[in-house]
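Just below sit the structures, each encoded as structure tokens.
Here chain A shows up in two complexes: once beside chain B, once beside chain C.
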Partner chain A sequence: MEHLEEVIRVLEEVKPGVDYRREDNLFAGHILASLEIMMLVSELNDEFGITVTLPYIKPENFRSAQTICDMVETILKEE
Partner chain B sequence: MQYNSWLYLLAFLGVTVLCYYLAPLRLRWTVLLGASAVFYWISCGWLLCVLPLTALGVYLLALRMERVKESGRAAAAALPREERRLLRERTQRQTGRLLALTAAGAFGVLFFTKYFNFAAVNLNALLAALRVPARIPGLHLLMPLGISFYTLSAVSYAADVAHGVCPAQRNYGKLLAFLLFFPVITEGPVSRYGQLAPQISRGNRFDCRTFAFGVQLILWGLFQKVVLADRLDRYVGNIFDHYRSYSGIVTALTAVLYTFQIYMDFSGCVDIARGSAELFGIHLAENFRRPFFANSVNDFWRRWHITLGAWLRDYIFYPLSMSRGFQRLSRWSRKYLGAYYAAAVPALFALLAVWLGNGIWHGAAWKYIVYGLYYYAITALGMLLEPVFLRLLPALGLSREQRGYRIFQILRTFVLVNVGMVIFRADSLPAAAFMLRSVFRPYRGGSLAGVLAAQGLPLGQAAIAAAGAAVVFAVSLLRERGVCLREAVARRPIPVRWAVYFAALLAVLIAGAYGPGFGSVDFIYAQF
Partner chain C sequence: MKNILQGIERTVLRFPDRAAVADGETELSYLELLILAKRIGSHLAGTCGRGRPAAIYLDKTPACAAAMLGTAYSGNFYTVLDTGMPLERIGRIFETLRPAAVLTDRAHLERARAFCPEEKLVMLEDAGRTPVCQPLLDEIRAGMTAEDPLYVLYTSGSTGRPKGVVVSHRAALAYTRWAADTFGVDETTVFGSQTPFYFSMSVTDLYTALQTGARLQIIPPALFSFPLPLIEYLNRWRVNTLYWVPSALGVMASWDAFSYEKPRFVRKVLFAGERMPAKTLAYWRRFVPDALYADLFGPTETTDICTYYIVDRTFADDEDLPIGRPCDNCRALILDEEGNEADRGELYIGGPFLASGYYNDPEKTAAAFVRNPLNSAWPEPLYRTGDLVARGENGELVYLGRKDHQIKHLGYRIELGEIEAAAGGAEGVDVCACVYDETADALTLFYQGRASAESLTARLRERLPAYMLPARAVRLSSMPHNASGKIDRRELETRAAVLLGKQKEGVAC
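And now, the complex of A and B:
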């Protein structure tokens, strides 16, 4: 939860014009296309100093800003 | 056994439904496994043995992957942080090797049965060009039914186990019931273990609403296949077979009619498959979402053969894009080209593999490879020019939200898709090139109506096809606007509901392409 604002800022850099506080269909709704997912992963890696690996690339992790934040925090804990 | 045959619809499906709901709940998956084996046996005899054997390999290797992961997890718990990281990396390498072995085995069978002769012919041509006297002999190979769809499901299951998306199945029979599930084995949709296998394994109680929805889908699928796709088959086949005799409007219309035919054929088959599964309370993934409302080629592939596109995205595009080499390329691109191209440049390389995979998956011929590369070229160009478009459109006073611009995008996508379909359907690449060029040459061999009538689509048949197309368009438009027709029909009183069902059945029986002038038409995608 503590990183939610940073995640939203990263999301707005990758794809502006989306209400990331409300939107909970980012992946399945194709709001974030494959290319934008890759841009997001690259930005998250830089922003948080983590490595998002392949097993984390699944629809449920990219549903909303909150699920992305949960994923980041899980990786931070693991690393 | 064809999904639109009486043998399948009345005898096979009827008996299987009866046995399924009479069996105890916990054994219902065995009915589906038995039915799948019978379906496969009737369809291709002794080739039934091939898939269970390869599935055994997938089953054992997936179990091994899970054991490696479990022992890694157990050992990591007591280790300090740095050693835990090293152990995690070692475990990932081990599961990666096992996954590579599983994929090599599954794709090896697919390659041998589907692509061996194609590879041999091309290698022999290369050897001849190099004046090397050696030749690879061609083999008379029988391709097991549905091997392409089976392989994708088997590899995705192994990858999901390796990545911890789903646990390994400990019951070989249940894994086989998923891999051989008869509604999807011929033409998909490409199934994911996590989505489909639990529905098969748990056994489902009879649910009148789901059953009725299943019947609806089967009828709708039959309408698409028997009334529309099969009606166009003879005309489309005649023109493509004698493409040199035609040009202009005739060739252009034939391309459009083939696009419509393959859409109705494939979508019809998938709807029959999804409806069949719903008779057992099983929901399959959607494979089409009004593809001709797509506003770009990318959007088209998110709506057409959705499960194949998703498979290629999840098991080729992401793994390649996330690999170390591609990540290094991404960092380099970010440094010299900016944030957009940091993602776009590695994606361009990963997409080449995706589109080559898409093309060659469809068949062992150069035209399929070119078909994939055609879409790659469009996608890559769009991706590279996206920043230019983003600046250019406002400068020209245009917006992607404008209705007129959106219609232009839909029409442009439709034209591009039709060009792709000509490459896909033509006998060879030179034939496709000839047809595409001939569109710009006026046809002077008589009236269009005359050609249609002479080649298998007289006025009456064309009128039925046009009326059917109008129905499909209206249904698609409603669904695009969020209206769920299945729900709308289900909410009606019983007499209205049954009237709709009987009308659909009558439409299939009366307007179906049977009798003189029509032959039995195989499902187009079954050959892939």
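And now, the complex of A and C:
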């Protein structure tokens, strides 16, 4: 949870104009378009000094700012 | 056969219970698809007359395929609209299309109301419950010819007004027969369908499937963001044939997804729509070595494809794939600016794959669909592709670029594709696109990959003459893509103009 604000900031950089605090289905409204995930992952890697490996790139991890944050924290713990 | 539906009716007799179109959530067997299409056709025949356009405002689902066929049953023709399309663009399409009906569903009703008057809205849910009126459908069929349009597909026009390409039943039949014969499509084929129904490539997988008894497995678009779930999906549905844009195939290479999991059933990989980077092809061939790979080439105005090349050798990273030879039943002429046959010039296409023209646009039709200048005996129609090609040593055609991508910079004629081939072959460049800003007379290269702009520029200096060097190389974490999944050149042109403007004002960027 402690990284949620940073995740939201990264999301806002990649795709501004979305209320990431409330949005809990980033795919339903085509909010995150197909190839933007790659951009997002590259930003998350830089921001948190982590490597989001391919097995983490699955829809359930990118549904909301919260699920992205949970994923980042899991990776931080593992690394 | 005079009507695309006849081929599908034959398939239904052979394989009534096999899945025709599926998307992971719903599935229609051939018989179910036929019945739903006939219901929709019976409904539309009663509401929008004959020989009129109907717009289809639905997501890419099995029911959408039934709606397309239903329009044909009703003696009308369809235009599939992108449900994510800005309303303004729909408005521009409607300026020429003037549809008799807009077929939509409850999920899209609210948005459809913003561009369509209530009396023209047809709900899929209602149409799908209408009883089939076979005598009416028979009467409609009897009155139709092979020249009747099957669909009008809108492509972007250079002036900003979309052009509606009219494709007849004859063209769709001739084209799908070629595609099925050439690539051995039959009832064992499972297409993993990537391209939207409002894009010409989808004609190949949808109609070739329905003519042969193959299964069209629609891939949910969101999966193209998630390589491993995408591969799982391909494996789960035993997808054995892909016909994707190279950008979609490139997703696997960018993530090195095949090091984790491979598509186990894929045996044919066809691609079109943009240049295939040799590196992406090499990646696929390394991990899926037994598949047939083919580069297909053609504009919407030849239904989908007019030349093709079956990959039979390896390519260096900076080498371009040829576009091969004309499809059987296609005439391909290379004409110079005086209209004489040449080994290098503009590609003209003739034969039955040709579209009938642009809908409600006689001027653009006359400019692009011309008489064969080499034949004075009768008016033989040819389509001027606007593509520059050359005949290679072994007779294969090589794509040089768009006539309108051929730019004049510092007095030289330059193909942007040549710069892209040089940059695309560089270490650490996954994909790239070069755009030209006429106002600033400057080239900007955008790329995605690990390479630094400095190392890429240094490499280009080794490969290209000074006048072809981009003013700057800009690294993007992700290339912008348009609705069809192709690199969005317009967006890149806009970004280049902004960058060049800032440079002019002395703003650091």
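Keep in mind that, in the parts below, the second predicted complex is superposed on the first by the 77 of 79 C-alpha atoms of A that agree within 3 Å, B and C clash if a C-alpha of one lies under 4 Å from a C-alpha of the other, contacts with A are read in each partner's own complex, and residues count from 1 in each chain.
Note that contacts are C-beta pairs under 8 Å (C-beta built on N, C-alpha and C of every residue); 3 or more make two chains touch, one makes a residue touch a chain.
In this text the structure is predicted, and so the values were computed from the model without any measurement.
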{"item": "Chain B versus chain C as contact partner of A:Pro55, first or second or both or neither", "value": "both"}
{"item": "Touching partner for A:Phe27 - first (chain B), second (chain C), both, neither", "value": "second"}
{"item": "First, second, both or neither for A:Ser42, with chain B first and chain C second", "value": "both"}
{"item": "Contacts of A:Leu76 with chain B and chain C, given as first, second, both or neither", "value": "neither"}
{"item": "Overlapping contact positions on chain A, where the chain C interface meets the chain B interface", "value": "30, 33-39, 42-43, 54-55, 57-58"}
{"item": "Chain A contact footprint on chain C (complex, rising order)", "value": "84, 221-222, 224-229, 247, 251, 254-257, 260, 477-479, 481, 485"}
{"item": "Partner chain C, residues of chain A touching it in the complex", "value": "27, 30, 32-39, 42-43, 54-55, 57-59, 62"}
{"item": "List of chain A residues in touch with chain B within their complex", "value": "13, 30, 33-39, 41-43, 52-55, 57-58, 79"}
{"item": "Residue ranges of chain B in contact with chain A within the complex", "value": "85, 92, 163-165, 298, 302, 313-314, 317-319, 321-322, 327, 330, 334, 339-340, 342-344, 346-347, 383"}
